[in-house]
Amino acid sequence: MSSSFGRILKLSIFGESHSPAVGGVLEGLPAGSPIDLHKLRSFVLRRAPGAQAASTSRKETDEIEFLSGLLNGKTTGTPLSFIIRNTDIRRDDYSKTASVPRPGHADYTGTAKYFGCNDHSGGGHFSGRLTAPLCCAGGIALQQLDCENIRVNARIVRVGSVTDDSEFTEDVSGKAFPAVSDAAGSKMLEAIGQARAEGDSLGGIIECVMYGLPAGLGDPMFHGLENTISQAVFAIPAVKGVEFGDGFALSGLTGSRANDAFCANNGSISHLSNHAGGINGGISNDMPVVLRVAVKPTPSIALPQRSVDMESMADTILSISGRHDACIVPRAVPCVEAACALAILDAVLLRRSEVYGH
Amino acid sequence: MSSSFGRILKLSIFGESHSPAVGGVLEGLPAGSPIDLHKLRSFVLRRAPGAQAASTSRKETDEIEFLSGLLNGKTTGTPLSFIIRNTDIRRDDYSKTASVPRPGHADYTGTAKYFGCNDHSGGGHFSGRLTAPLCCAGGIALQQLDCENIRVNARIVRVGSVTDDSEFTEDVSGKAFPAVSDAAGSKMLEAIGQARAEGDSLGGIIECVMYGLPAGLGDPMFHGLENTISQAVFAIPAVKGVEFGDGFALSGLTGSRANDAFCANNGSISHLSNHAGGINGGISNDMPVVLRVAVKPTPSIALPQRSVDMESMADTILSISGRHDACIVPRAVPCVEAACALAILDAVLLRRSEVYGH
Amino acid sequence: MSSSFGRILKLSIFGESHSPAVGGVLEGLPAGSPIDLHKLRSFVLRRAPGAQAASTSRKETDEIEFLSGLLNGKTTGTPLSFIIRNTDIRRDDYSKTASVPRPGHADYTGTAKYFGCNDHSGGGHFSGRLTAPLCCAGGIALQQLDCENIRVNARIVRVGSVTDDSEFTEDVSGKAFPAVSDAAGSKMLEAIGQARAEGDSLGGIIECVMYGLPAGLGDPMFHGLENTISQAVFAIPAVKGVEFGDGFALSGLTGSRANDAFCANNGSISHLSNHAGGINGGISNDMPVVLRVAVKPTPSIALPQRSVDMESMADTILSISGRHDACIVPRAVPCVEAACALAILDAVLLRRSEVYGH
Amino acid sequence: MSSSFGRILKLSIFGESHSPAVGGVLEGLPAGSPIDLHKLRSFVLRRAPGAQAASTSRKETDEIEFLSGLLNGKTTGTPLSFIIRNTDIRRDDYSKTASVPRPGHADYTGTAKYFGCNDHSGGGHFSGRLTAPLCCAGGIALQQLDCENIRVNARIVRVGSVTDDSEFTEDVSGKAFPAVSDAAGSKMLEAIGQARAEGDSLGGIIECVMYGLPAGLGDPMFHGLENTISQAVFAIPAVKGVEFGDGFALSGLTGSRANDAFCANNGSISHLSNHAGGINGGISNDMPVVLRVAVKPTPSIALPQRSVDMESMADTILSISGRHDACIVPRAVPCVEAACALAILDAVLLRRSEVYGH
């Protein structure tokens, strides 16, 4: 069993929804890099419960405590570790459901995987709570990428049946609802409110664009950018699909439409389009890297659902009353940025050993 | 730079389109497992040029030579290595285009990555030719999974604008064209023929279903089945998207529609639907694992395309005349099975150390 | 930069001598394994300052706080994490020596490695303090091995010029001084006291024997038991050599003397000697695994030493007055056991996936 | 089961003594590096049977065939793969001993590890034959290090009871017998000849010194130079111990004798001695890296030895008559250089990503 990621930049994430703390260890950060803790806190808060309209009422201060690897605001180069205490623990909320797996959650698979020994409270290690250390590590990676003039921006392009077809021309990270079109954003919020009122939930689609990647990042075969970004974003609970560039739509195009032609541009070479989402053969091509991830509806819903009491093996009806988001898509936006940043920074650090001397 | 995959079952793939050979090393195969070479050869031939209607005319016998790890038809447990000679090498085909990157290919990114030192002929290490060792390794993994009663079947559900909405009720691996509906398959072939006649190409979508996985395979966070299957399938050139279960369509459903409810079933627990594609929290849940991958159109097309001569940095027009598939989707079908099999077998072997004693 | 170890059982160690805490993350522990916290604490205390006669006067309570992975005294199967607070921090002790590297320490190499950004206080990440999380993780591994009837015992066989040639017939872990011969132990303590009185320090040799390993643990080539045990024990600061079985003495024997012959033994096969230290070809052979590690003298000594002020680049004389062990060999004994236990448990867990079905 | 090594420079070794070929895959070599094949061949031949006086009479041409990753004498940056055919295969030599494990060999442990499915002929994957691909990969690494002005030289300091106490002032790689003192070398050869005449064998000690390593190579804890060099050299069959700097002798010194003091030296800092063998805290310190490895006597001897027929479980007497070295120490010298070079080049490549920007 492993919850770690990366080759030069290695992240190990630990914690359970209701264990004393969640946290992470980051190995491989360059020594002497400043970490702006205020900026990091702002980033992590974007995923915190309550930061987004209509999210769970669970209150977590999400105070990050650094235990090592940071001295006078700069990385020491040795393992950087941090923890976030779980302060608002209410194990009772889950006592009834210990033996009744919630549909759409990892309760059943977690029980199978760990032979019932895992901490089931709040989903344990499978909880969305684990995206807190993911965002903390990813927020640090984002700051490192910023020094390389690489920016990572995500936005919501769909919630339920509401889509935002606007071009992605602005950074929406400061907005209360991270959609480009405020009109579409309002409709999305409205749809979320309606779903909550109905005891139901919604999913959506997040688009992430990365600017400033030099050509040559990524490896062929199994460690291309598509491979490693996918490996990272599927760590976010509820993600069920990922596509790059025109993605699934490419299946309906002809080669003459799908290929990104080249033109000369003042002594260098430019692409005339970006259907490939900035990646060919797994490797960045100078164009922005573009991906979209599908987020399923929050599985925790108030509406009654069929389940089984695993102790008595009797059918039962489950109605989930705890503190839950009717749509986690807004809170997943910084998580997607974090996951992408971790994958890209790892590629950037690996790349440094390759360009040396060339 | 790495072209390797896996944690217990480790595959290292090597070779270039026109190097003496392509091949692979597989570490971690259990000792004493029979490998049916006839069956393996049949599987690998499903991806071979010419095996599928309307594929490239490049002729490769694709004879697999085992160099180690195999004794009297059984694995020895030590590294299994194999090579496939590149016999039909015609470097001249590529001499003109050495400095003119082909749109949609990895020529430009490969040059950036390797500072121009890579073998550009036929795409070098980025060539579809590298799916030969992928299929060989995956074919071996498929035989191992077969002993565990795990079956992996893929089929085409879309080529260009032609879709096959049939249920996936039969194994199509023996068919000349791997679609369930012969009518849809004929239309797909027709569309491919037309694209070729127009000097163009088509993409498509492949669906892969895996039956027989016990609950509990996969790890949380970064090594879930979704993460590792994605990492594997993006190694297939031209794959630009992957989704599990209802995938992107889940973004438009409500939780009450998307959740897979449970019911008691003769003392065990069953799912009433499979929107999640057999995976919750990264871990298999007893239901068939279902995924779809988006394959972009073959980038090599006869139609003229804009490119740049990187030596003179002058705009130029490229018309690709070599031996190419107008649609690689049919040949990609066994590649998807191979990639999935490698990811699943790795999870199965890891799982063995967990279930021991339980 | 990485401070992690293992393949199935993965340990990531973090912390600095004077950072808020040191700690570790253990991935891959089987779910449902009991951890006896009292026993663990006793083990960890064997390396704590003050537990051994004549050690540093730095006081650390070494209270282990588990943050995740442990529920009701049993492992959950998800990442187990723990921290040990650094309570007795006196940064002033090191302020003077910030720019003057201490001979024999990693001050100079740490500065070179991390471009001066590392935390130099007390050696930072290179401090012997990091053996606290190593022992905690190793103590957990020892309890797991105990369930497999594998015992790991270490003892001192040399301190300075005093040797203990006794056979290793008893577990000395409960003794105040971990030597088999009390007479030799007394002389060793005396030698240590004398070295301290002279402002000097001593090194020594630790022998570790592991009983109960089944034949077949370890991999050929780079992941044999010798390879991985070495990788683990060299993580203990001051270890400068390792040998297995008769080790360096084998270089002076003939093959007829060095080979361990076999004999039939009630239907099974036995070895008639154990010159190989229980390992052939990297793999355990049923006999006890025996190794010895060389520990150099504590580099911190009161005697004046030549060094250089790296700011002024002027020669200077350094006399180290802080809290230091005159001989860390006694405290290194549980560290060697811990390191060996981690390597062996990793091999045991890997082995489980191999033996499955055989 | 794994036979691979390294983190950026990854080597996977495959093959068995009597399989069609042995070989390796090297990932992570920088693109565009020239490989001098003539020089490589000379290096590999230093370990070949017959190259050294008094070695086995097995004749192998050891012709290296590169399959990928090499174009016009330079690395392409993609996986470099090579094979060496096993031409002089005589399976009959081993038919009798299939069920009778040879003392000191991995026959018994290999059978245990692989449940009898492994290729036992000539030791299979445990054969010294596997040092051919090790030397090939290491020889390539040595050439890369040469470009960094890092030199790796090994020599024999002991064979049986004959020692060579000369200072290591010259490169002995071109000598017929790789000892500094020709007088000592003659005595060693004589001792080997006598051991062979007696049907016996000898072991020895090899010293390896590496010059030109910049300070800062290696990681703390588990991936220091001592950890990784050890991991590599224990891959050489018959190695049973490794020590750095004064190694085991440090256990008898005081700190004031063992510490390497510093002095200012024209604006930089120098060490006044090298008891630490160029490594502190796992990290290179500018001084030459010095290590010694203990090589046990060749286990194959003509003298009768006790063993057991594992089919009948009856005691038996084994006299090994095949083609064997009476002392493999001379042939192990380039192997030690190769193993060290692989570990060091991996550290050098990792280091490049750290120094970038500093």
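Per-chain numbering from 1; labels A, B, C and D assigned in written order.
To be clear about the criterion, a residue touches a chain if its C-beta (ideal position, glycine included) is under 8 Å from a C-beta of that chain, and two chains touch if they have at least 3 such contacts.
Only a predicted model underlies this, so the values are computations on that prediction, with no experimental measurement involved.
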Touching chain B and chain C alike are A, D
Pair exhibiting more inter-chain C-beta contacts, A-B or A-C:
A-B
If every chain is reduced to the average of its C-alpha atoms, which one ends up farthest from chain B?
C
Measure off the straight-line distance from the CA centroid of chain A to the CA centroid of chain C, and report it in whole Å.
38
Chain centre separation (chain A, chain B; CA means) in Å
26
Which residues of chain C are in contact with two or more other chains?
1-4, 7, 13, 31-32, 77-78, 113, 115, 125, 220, 354, 358
If every chain is a node and every touching pair an edge, decide which shape results: line, ring, star, complete or other.
complete
Counting only contacts in the complex, chain D reaches chain A at residues 7-8, 30-32, 77-78, 220, 349-358
Contacting residues of chain A [partner chain B, same complex]:
1-5, 7, 13, 101, 103-106, 108-110, 112-113, 115, 123, 125-126, 130, 158-161, 195, 198, 200-205, 214-216, 218-224, 226-228, 230-232, 234-235, 237, 239-248, 250-264, 267-269, 272, 275-277, 279-286, 294-301, 303, 305-308, 310, 313-315, 354, 358
Residue positions on chain C within touch of chain A in the complex are 1-4, 10, 12-16, 19-23, 25, 27-29, 31-32, 65-69, 71, 74-81, 83, 113-119, 124-125
